[in-house]
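Structures for review follow.
Below are two complexes that have chain A in common, paired first with chain B and then with chain C.
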Partner chain A sequence: MNQTAINNIETFIRTKLEDKEHIIAWRGVISSEAISNILIELEEKLLKEKISVKLRKKTYNISVECLQNLYHHCIPLPDAYQTIYPGKYAIFYINLLNKDAYMLTTGNFILQPKVKSMSQKIDKINTLTQEDLKEMYKFILNHQKLSARGGGGLGLIDVGRKSGHKLTYEFLELDKDYYFYVLNVKITEE
Partner chain B sequence: METLVIEGTQKTPSVNFDASKGVLEIKGRSIPENSIEFYRPLVEWLEKYKNNPAPKTEVHVQLEYFNTSSSKCILDLFKKLEDIVKAQHEVVINWYYEEDDEDMLEAGEDYESIIKVPFKMVEVID
Partner chain C sequence: MDVLKIEPTRHKAGVLLDPDNHYIEFTGFSLPEDAMAFFLPIINWLYEYSNHCKEYIAQGVHLKVNFKLSYYNSASYRAFLEMFHIFAKMQREGLKVTINWYYEAMDSSMQEGGKDLSDIAKIDINLIEIPEKHP
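After this line comes the complex of A and B, so read on.
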C-alpha cells in the first residue's frame, strides 16, 4: 500500500466533507439502503432551503442519478484496503455555492483502465450542446437495452443534460491498479 | 382480465391498471436501482391487454421523480400502447408535470417524439 496516496485521498475527502457549507456530507459503503437514507435526508434538507421548486427538484433528480451511478459502478478494493475503505466505498457531498447554485460531488474507486474511458465519456458530454445531449439521450433511450442490473448508459448524459453546466472530474491515484474518481456537478435553475 | 394493483413505495410508484375501464395509472416515484424487476409485471399485463383492449385506453402517468433506469422501462410500456394504436384502437397518454418542473415536461416531450401515441401534457398546479 502506498501511504502517501492514501493520505492524499484522505486529505481530499476530509477537506471536502468538513466544508461548513454542505447540505449533505456522506462517506461509507454504498447500498440500496444507504441511497434511501441519503435521499430521505436530502429531501428534508432541500425542503428547508429557501430555493425554488425547480432547483429543489433538479438537485434531487441529479442526486438520484449520481447515487445510482455510484451503486452500479463503484467497485470494492482488494483485501489490503478493506480496513480503510470497506466494500463499495464512496462519498456523496452537496454544498451550497450561493443562494441559487449547488455543487454536487461524488467519489468512488475505479480500476485504472476506466480512467481513460471515463475521461473520454465526460469530455464528450462536455462538448455537446443541450440540443445534442437531448438527441443523444433520446437515441440511447430508444435503441439501447437495459443491462441485467438495470443500468442503461443514460445516467451521466442525463446528469449533464439536467445540470446544463460542464462536468468536472479528477482521478486520485491509489496505486497502479486503482484510482479514486471524483465527479463534480454544478446545479442551478437554468 | 384482472386489475393490476401495486402499492407505491419510497422508490417505486403505485400502479392501477383497470382493463374493464381502460384506465391505466402510474403515480409517485420511480427511482429503484434496478427497474426491470418492478416493471416486468406491468409489461406482461400490457402484453395481454393489447390483445383485447378497451375501446378507449386512458393512461395517466403522474411521476414526481423517475430515474434513467425507469425511463427505458416506461418506454417499453409505451411501445405496447403503440401496438394498441396500430391495431386501430384509441389510446391517450396523459403526462402530468408539476408547475415549474420543466425537466419533467421535457421528459414527456421526449417520449412524445419517440412514441406514436397521442400525448396530453397536463400541468399540475399546487
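After this line comes the complex of A and C, so read on.
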C-alpha cells in the first residue's frame, strides 16, 4: 500500500466533506439501501432550499443518475485496502456554489485501464452540443439491448445533457492498478 | 390474462396492468437500480396482451395508458421505450390506443421525456400538464 497516495485521497475527500456549504456529504459503501437513504435526505434538504422547482427537479434527477452510476460501476478494492475502503466504496456530495448553482461530486475506485476510456468518454460528451447529446442519447437508447444495465454510457450522457455544463473530472492514483475517479457536475436552473 | 398490480414504494413505481378494463397505469418514482428485474414481468405481460390484439380489435377495445410519474431513471426510460414500441405495434395493427403522459408544471425534463418516446416509437401521446407536487 502506498500511504502517501491514501493520504492524498483522504485529504481530497476530507476537504470536500468538511465544506460547510454542502447540502449532502456522504461517504461509505454504495448499496441499494444507501442510495435510498441518500435520496430521502436529498428530497428533504432540497425542499428546505429556497430554489426554483426546476433547479430542485434537475438536482434530484442528476443525483439519481450519478448514484446509480456509482452503484453499477463502483468496484471493490483488494483485501489489503478493505479496512480503509470497504466494499464498493464511494463518495457523493453536493456543494452550494451560490444561491442558484450546485456542484455535485462523486468519487469511486476504478481499475487503471478504465482511466483512459473514462477520460475519453467524458471529453467526448464535453465536445457535444445539447442537440448532439440529445441525438446521441436517443440513438443509444434505441439501439441498446433491454438487458443492458445502463451500459453504453447512457447514464453519463443523461447527466451531461441535464447539467448543460461541461463535466470535469480527475483521477487520484491509489496504486498502479487502482485510481480514485472523481466526477464534478455543475447544476444550474438553465 | 391476470391483473398485474405492483404497489408503489418510495423509489419504485406503482403499476397496474388490467386486461379486463384495458387499462395500464404507472405512478410515482421509477428509480429501480435493477430495472430489468422490475420491468421484465411488465414487458412480458404486455407482449402477452399484444398476442390478443386481433380479438381486442374485433371487440372494439380501447386501450388506455397513463404515465403519472414524478421521476424516472434512465434504465426505466429504456424499459418505457420497449413498452412504447409494443403500444405502437398494436396501434398499427388497428387497436385504439391512448397514451397520456403527465408532467408537473415546470418539469420540462418529464415533458420532453414523453415527447421523445413518442417521436422514437412513432406513436402519438397526450402530454398533460398537472400542478406541481413535492418534491
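One rule holds in what follows: the second predicted complex is superposed on the first by the 183 of 190 C-alpha atoms of A that agree within 3 Å, B and C clash if a C-alpha of one lies under 4 Å from a C-alpha of the other, contacts with A are read in each partner's own complex, and residues count from 1 in each chain.
Here is the rule we use: a residue touches a chain if its C-beta (ideal position, glycine included) is under 8 Å from a C-beta of that chain, and two chains touch if they have at least 3 such contacts.
Small disclaimer: the values here were computed from a predicted structure and weren't measured.
> Clash or fit: chain B and chain C on chain A?
These partners clash in the superposed model.
> Contacts for A:Asn142 in the overlay, against chain B (first) and chain C (second): which applies, first, second, both or neither?
In the superposed model, A:Asn142 contacts both chain B and chain C.
> Quick one: classify A:Leu47 as touching chain B (first), chain C (second), both or neither.
second
> Please write out, lowest number first, the residues of chain A touched by both chain B and chain C across the two complexes.
Touching chain B and chain C on chain A: residues 32, 35-36, 39-40, 52-54, 57-58, 60-61, 64-65, 68, 71-72, 134, 138, 141-142, 144, 146, 148-150, 154-155, 158, 162.
> So in the complex, which bits of chain A are touching chain B?
32, 35-36, 39-40, 52-54, 57-58, 60-61, 64-65, 68, 71-72, 134, 137-138, 141-142, 144-146, 148-152, 154-155, 158, 162
> For chain B, which residues are in contact with chain A within the complex?
For this pair, the touching residues of chain B are 10-11, 31-36, 65, 67-69, 71-73, 75, 98-104, 106, 110, 113-114.
> Could you list, by residue number, the parts of chain A that touch chain C in their complex?
32, 35-36, 39-40, 43, 46-47, 52-54, 56-58, 60-61, 64-65, 68, 71-72, 134, 138, 141-142, 144, 146-150, 154-155, 158, 162
> Considering only the defined contacts, which chain C positions touch chain A in the complex?
Touching chain A: residues 10-11, 31, 33-36, 43, 71, 73-75, 77-79, 81-82, 104-110, 116, 119-120, 132, 134-135 of chain C.
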